[in-house]
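Given below, in the form of structure tokens, are the structures.
The following pair of complexes shares a single chain, chain A, combined with chain B in the former and chain C in the latter.
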Partner chain A sequence: MVAKKLNLKDKYSLLTRDLDWDYDYADRKEAFPYEDFEGIKITDWSKWEDPFRLTMDSYWKYQAEKEKKLYAIFDAFAQNNGHLNVTDARYVNALKIFLTGVSPLEYQAYQGYAHVGRQFSGAGARIACQLQSIDELRHVQTQIHAMSHYNKFFDGLQDWTHMHDRVWYLSVTKSFFDDARSAGPFEFLIAISFSFEYVLTNLLFVPFMSGAAHNGDMATCTFGFSAQSDEARHMTLGLEIIKFLLEQHEDNVPIVQKWIDKWFWRGTRLLSIVAMMMDYMLPNKVMSWKEAWEVYFEDAGGALFKDLARYGIRMPKFVETTAKEKEHISHQTWWIFYNYGHAAAFHTWIPSEEELDWLSEKYPDTFDKYYRPRWELAREMEERGERFYTQELPQLCTTCQIPMAFTEMDDPTMISYRASDYEGEKYHFCSDGCKHIFDQEPEKFSQSWLPVNQIYQGNCGGPGVEDVLRDYYKINLGHDNMDFNGSPDEQRWNAWKGTEKDAKNKDAKDKDKDVA
Partner chain B sequence: MSYQVTVEPTGDVFEVEEGQTLLDAALRQGIWLPFACGHGTCGTCKVQVLEGDADVGAASPFALMDMERDEGVVLACCALPESDLVIEADVDVDPDFSGYPIEDYQATVVAMEDLSPTIKGVRLQLDRPMQFQEGQYVNLNLPGVEGTRAFSIANSCADAGYIDLHVRLVPGGKGTSWIHQSMHTGDELKISGPYGQFFVRKSDDKDVIFIVGGSGLSSALSMIQGMLETGDTRQIFLFQGARNLVELYKREVLTALAEQYSNFHYIPALSEVSEAEQWNGFCGFVHEAANSHFDGRLAGHKAYLCGPPPMIDAAITMLMQGRVFEADIHMEKFLTASDGAKADSRSALFKRI
Partner chain C sequence: MALEIKTATLQPIRNTFANIERRFGDKPASRYQEATYDLQAETNYHYRPLWQPQHELNDKSRTQIVMADWYDLKDPRQFYYGTYVQQRARHQEAAETNYSFFEKRGLAEHLPEAVRAHLISYLIPLRHVEHTANLNNMYGCSFSYGAAISQALLYNGIDRLGNAQYLSKIGLILDGNTGDSLAAAKQEWMQNPAWQAMRALCEQMTTVEDWFEVFVAQDLVVDTLVFNLFYEQLDQKLASMGGRDVALLTEFMQVWTKDSSRWLDSVLKTVASESEDNRVLLAGWVKHWREKTLHALHPLVTAMLDDSEALSIADGLLEERLKKIGIIQ
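Take a look at the complex of A and B:
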């Protein structure tokens, strides 16, 4: 007799939720101590609808197949010197930002989901988080492997974990996740699963993966597809958590709204780095940041918030500001990095004439008026041998930790400056959104580890900026930093491609021997 | 050229046009399948093809593995049918769904009456009794009209040899125009059924709210009669909306039912009352009538909605603000051909509403 095959639902239930147990001699509240303090009320965990039904046996089976396929491509890429097929060595700087700024966040996500996967008393939510935790660990590993090949041939990729913990602009991404992980378990899920993985994920992934695909980077493109195939679980977890919280108790609605407001704004600030990458760092452009924002947030997010309105959830606070920022944010961010290019572990450059034309076309209302003249001036100065770097350390926004160089969106010639007083100290912000977030939780954000403040307090070595960059950040000065023009990266690239004859740099020769 | 796709285990059926993906066709026809990215990279919409052939389309090799392709798994968001299909999807069968087989019947028109200036009642006698659940619908083949037209069954299954329909005249609609203008008693039609996932969830003991508009009363009437006839003791509230008094059809029948059964409550609402009409009932939209009746607190009820899309939309918002959510909201949208064309882009937040 053939045993009747269990359907997916029954199988999942027997192999997952059914493994939970009742607490008869221990106090359930003590076992799950973090479940209450955020004010979230859960009346019935059994109402949790599993966002996906994947048992561990099939999980390992599928993931193993994905890995086999992915690593076969990595091997082929490395054996064929795949780095030589990218459009231009400038492109690799986007990877440097990704590896130092984003891949460590995958690791933080792994840690964060492992933590909250322990903290929910509902078994369904615990399992969903644990599976996502394992996915995230896989993502960071595949990213490291995808980029390890580039580390053999390009500068700036060699010490990414160390840099992530210390370097000023990487604190923008690090502090975003630190904030989420030091929040309660429900806020973590609204921050990462809902706001980031669901609402904003396409704005991170599509630019990087399409960017890779458009610029001949097969390794990054393939790990992107591999990661995307796990994202389904992450997105559906984001949807389930928000529905579940909103349906469990009406008192949850204002708390969830507050978190959506906060994490939407935190997310848009984080994405300003992606914005500059799309508009300035990809030799072959995919679409402009403004277009991406319109497609992936304004259209798709609009449909989502229309549905959420039924629960009494409104659009995130300051969403009207983002409609203006999409015209400016990429230009202002690249300008910040151009100014501080001596202090970054990747290269910056002035857009070519062709690229300036593309930006003029994509940003007809703002680029010619505010930004093109600035780049043309920078080019004139560079041609006179006066490529400048701003020597003063910038003031940072206490919330997003980006240098305070964004402008008022209604007046792009005026720096946006906000401040709050808390316990006798003054705190500074780049925007109403960041000030609002601080004002909601001053006791948390007043403890921010702001890189510039830490340098001035003497906590990062010194005394000079170069000492900090070299000894504390471990930036390889003269190699990792400064303009792309004249960089060892550029010289090696030209030598490999035979495009310029002056590639006689000694260092370039050293690295060259790996390729020959 | 179009293909017919049957979804197991629910038995839902939808049509897919040449070059259209399974997911697009299903969602446009009100059949929910799991999905997320919509472009072949995430794998949420995996379905197993049980019968027939489909092209896997642009599925990412990471979202749809080779071993799955070998086993006939496809991603609904990319797959293009190459024949009629039977697919198995990760969707739950409702425990209250009886799954009566869909069959073809020969029907004779035995009675017609004007229920209101725009709604005609049609009684069909079948060549043999049809097993159905109250709330389900049938498809009619009408002479000279391409394709089939769906109408909800308005009678309870106590008289299974007959099918009552309430047909609202859709301006410019070919099918409803034919019924209103050319159908006569004695006409013979081919019909098939029963279809749909709209029926009373008997395993759930919550009190019940019906919110109906226009000819949407048909399925509610069938369901309510079925419940009352079988001695259901739940409190049943029917909110019936119409523009004006002449469109508020079956009022006498419903008032009489409310007098006969103490657990049935009938609350009609008129949205465009004129001075001339003697109306002491609720003035306003039908969802407002329900909201006002429960003072905005509707938690603990099951809701069944049937009527035109704007009414359904307003009722869902009202219910959710009154804390009745997707799991307790069941609906049958009365779509016309013009409604289907202007489907908005929607998020993946809700499955069924």
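Take a look at the complex of A and C:
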């Protein structure tokens, strides 16, 4: 009898899940203890379909090839002072947000996937997660190496890991991943693999990577394209986990729906930072946030959720709100940072006349009506030498941790304000979505390390805000913070490029120094 | 003159990131340093893990070992992702050459029947031990503290998956890609009395809580013994049975052992010399797992190798290594 040769699928399964076996001498529940407490029912792990088939030898081979090319470009970039090729120095502020706010999340992704890559009792899922874990480590490390050269020439990148643990606006991104990682293993995958990597990832990737391409940033752009084939794998894992959970047991459906609702809203709040970057921080624009939201969420996501309807999954809660928010969110977010620009480790500025016109064109229904007048007033004040900063500390949303400055979406002149009581304390929220998330898990979200509350409690040094910024956050005051106008970044840039700004900007600089 | 000004203004304003400067001074840093130190969050965690509310997300107390600075456990190979995958890609290229040479020459057909049987009974089931090592290193990777040790444990965990797959491929070469020999080898792993104590040991290791204990049990004790027995002593035995060519297929694992031992010895030496408390803990774990592993290997080695000294030879190497590291006198 001639035995049948294996097909690729069976061969891969022999090289992965068949390595595992049924335990006889120890309690398997003790070896994989975290699979039950979320209420998810897995009846048969063998139904897991490997989202990709990659044995270690090919993984090493392909990834080494990619790394070789990537580092050759990093080397050339440093050697040729590639930072001089960006559109203008304002652009680098997007990189500061990326390194301090996003790269540490890649590290957390690495940790999170390593954790589930050990804890799932299904070996197929485990190995897929391990490969994502090592990819995510790649991402954080290549991002550091891409930024390493910028750090030598611009302010605000230098203490990214210290700042990530402490600075007020960075707790928005940090708490997002702390939330995912502190959740159970299945919620983690729905949060990151499905809701983030599958549904929302293009809204992070396209802005940053196309933004880099449009703005002459060879290092970031090369990193981004190199990471794209990793991301393709990550997206297939996101799709597999949701199908798998929904097909395993009907009782999983409401649990998964609850997580989709939560993580969709968490994700949109996180992306408000990307929204402001796209509309305000890129000197050469890629597309407006509103357009990006329409293409990458409303069109692509709409089709996806239509597909999932057969499992009984509906669109995420509060999706109607996001349809209104896309008109406002970037403007309101950049306004918050403009107001608190003295307390941030990147620079803010007023859009140029040309940029205001672009925004008017992209947001015909809202920009001229609500936001342009604000910026024009801010410019008048700046021209009078009265660039203003809001001195009092803001109240933060307990869930997303963004300052409570977003408005009602039906009335953009009114601040949106929600609250809940829990164990005798009052908690505040920026939106129905954030309140809903808190109300589902008050015991979790009442633990939030809210930077402003922590400052008031004296946990961040002090006594003054300036002490906190300088000593606890390690912001180099007068260098990292304040307006771009008159910043050392701007001065160096002009010296490199041999351009001189007019005297008006010099005045503004002196003014900023006084405030700092 | 203008040129001069331009080069002067193009001087970097700093040499490296501030955290690296605080550790090593104001000078250019290596890529390993920038991609390793302080990557992991250290404070101000937002929520306790639902799955381990007694701990913070990143928590030093997941082991009894105490280090003043977990970043002292640096990797002498200076592996960050890029250097790691490039090094392994070189190793896998050599392995690929060996495997295709072996297949092209039809060397499998020339193996004596006794050698094939021996491979299926003993060498190929080792892939399940490698799989256990994958789990145990991932355990350390996810529960350890600081990016220095965590990333090295990840590389080790991923390597072990690679080793398990190379061992599996030996089976696929033997059975001409039908998977029959892997099924037979798994049968040995599951049923053969000679393997059962070893299988029990593997299962038990995956239920141990302290990640550093798991690390010591797996990467120091089990690996030292197993690698000597399987890749040196079994290798010689196979050669004496007319199966010298098999060494072509296990070269990857031999090269790998050298590479990872350099890292392991350096890390354990640092931990043992940090404090007497650490050393005593290490010695206690070693004693416990050494006895257990020797006991588990005994029936296997008896069946696999003729040499009644085999186990004590392997144990002698472990003894030497423990002294070199400074765990015992």
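The working rule: the second predicted complex is superposed on the first by the 491 of 516 C-alpha atoms of A that agree within 3 Å, B and C clash if a C-alpha of one lies under 4 Å from a C-alpha of the other, contacts with A are read in each partner's own complex, and residues count from 1 in each chain.
To be clear about the criterion, a residue touches a chain if its C-beta (ideal position, glycine included) is under 8 Å from a C-beta of that chain, and two chains touch if they have at least 3 such contacts.
Being a predicted model, the structure only gives us computed values, none of them experimental.
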| item | value |
| --- | --- |
| Chain C versus chain B on the shared chain A, clash or fit after superposition | fit |
| Partner chain in contact with A:Gly312 - chain B first, chain C second, else both or neither | first |
| Superposition-derived angle with apex at the Cα centre of chain A and sides reaching chain B and chain C, degrees in steps of 10 | 80 |
| First (chain B), second (chain C), both or neither touched by A:Glu30 | second |
| Which of chain B and chain C A:Met56 touches, first, second, both or neither | second |
| Touching partner for A:Asn151 - first (chain B), second (chain C), both, neither | second |
| Dominant toucher of chain A (residue count), chain B or chain C | C |
| Which of chain B and chain C A:Asp179 touches, first, second, both or neither | second |
| Partner chain in contact with A:Leu15 - chain B first, chain C second, else both or neither | second |
| Nearest-approach distance, in Å, of chain C Cα atoms to those of chain B in the combined model | 13 |
| Residues of chain A contacting chain B in one complex and chain C in the other | 65, 70 |
| Chain C - residues contacting chain A, complex | 6, 9-10, 12-19, 31, 34-35, 38-51, 57-58, 80-82, 85-86, 88-89, 91-93, 95-96, 127-128, 130-131, 134-135, 138-139, 141-142, 147, 150-151, 154, 157-159, 161-162, 164-166, 168-169, 172, 175-180, 182, 186, 189-190, 196, 199-200, 203-204, 206-207 |
| Touching residues (chain side chain A, partner chain B) in the complex | 7-9, 47, 52-53, 62, 65-66, 69-70, 225-226, 228-229, 231-232, 235-236, 239, 242-243, 247, 250, 299-300, 303-304, 306-312 |
| Residues on chain A engaged by chain C in the complex (per definition of touch) | 3-6, 10-11, 14-16, 18-21, 23-27, 30-31, 33-34, 37, 55-57, 59-61, 63-65, 67-68, 70-71, 81, 104, 107-108, 110-111, 114-115, 117-119, 123, 127, 130, 133-134, 137-138, 140-142, 144-145, 148, 151-153, 155, 157-162, 164-166, 171, 174-175, 178-179, 181-185, 444-445, 447-449, 454, 474, 492, 495-496, 498 |
| Partner chain A, residues of chain B touching it in the complex | 9, 34, 36-37, 41-44, 60-63, 65-67, 90, 92, 316-317, 320-321, 323, 325-327, 344-350 |
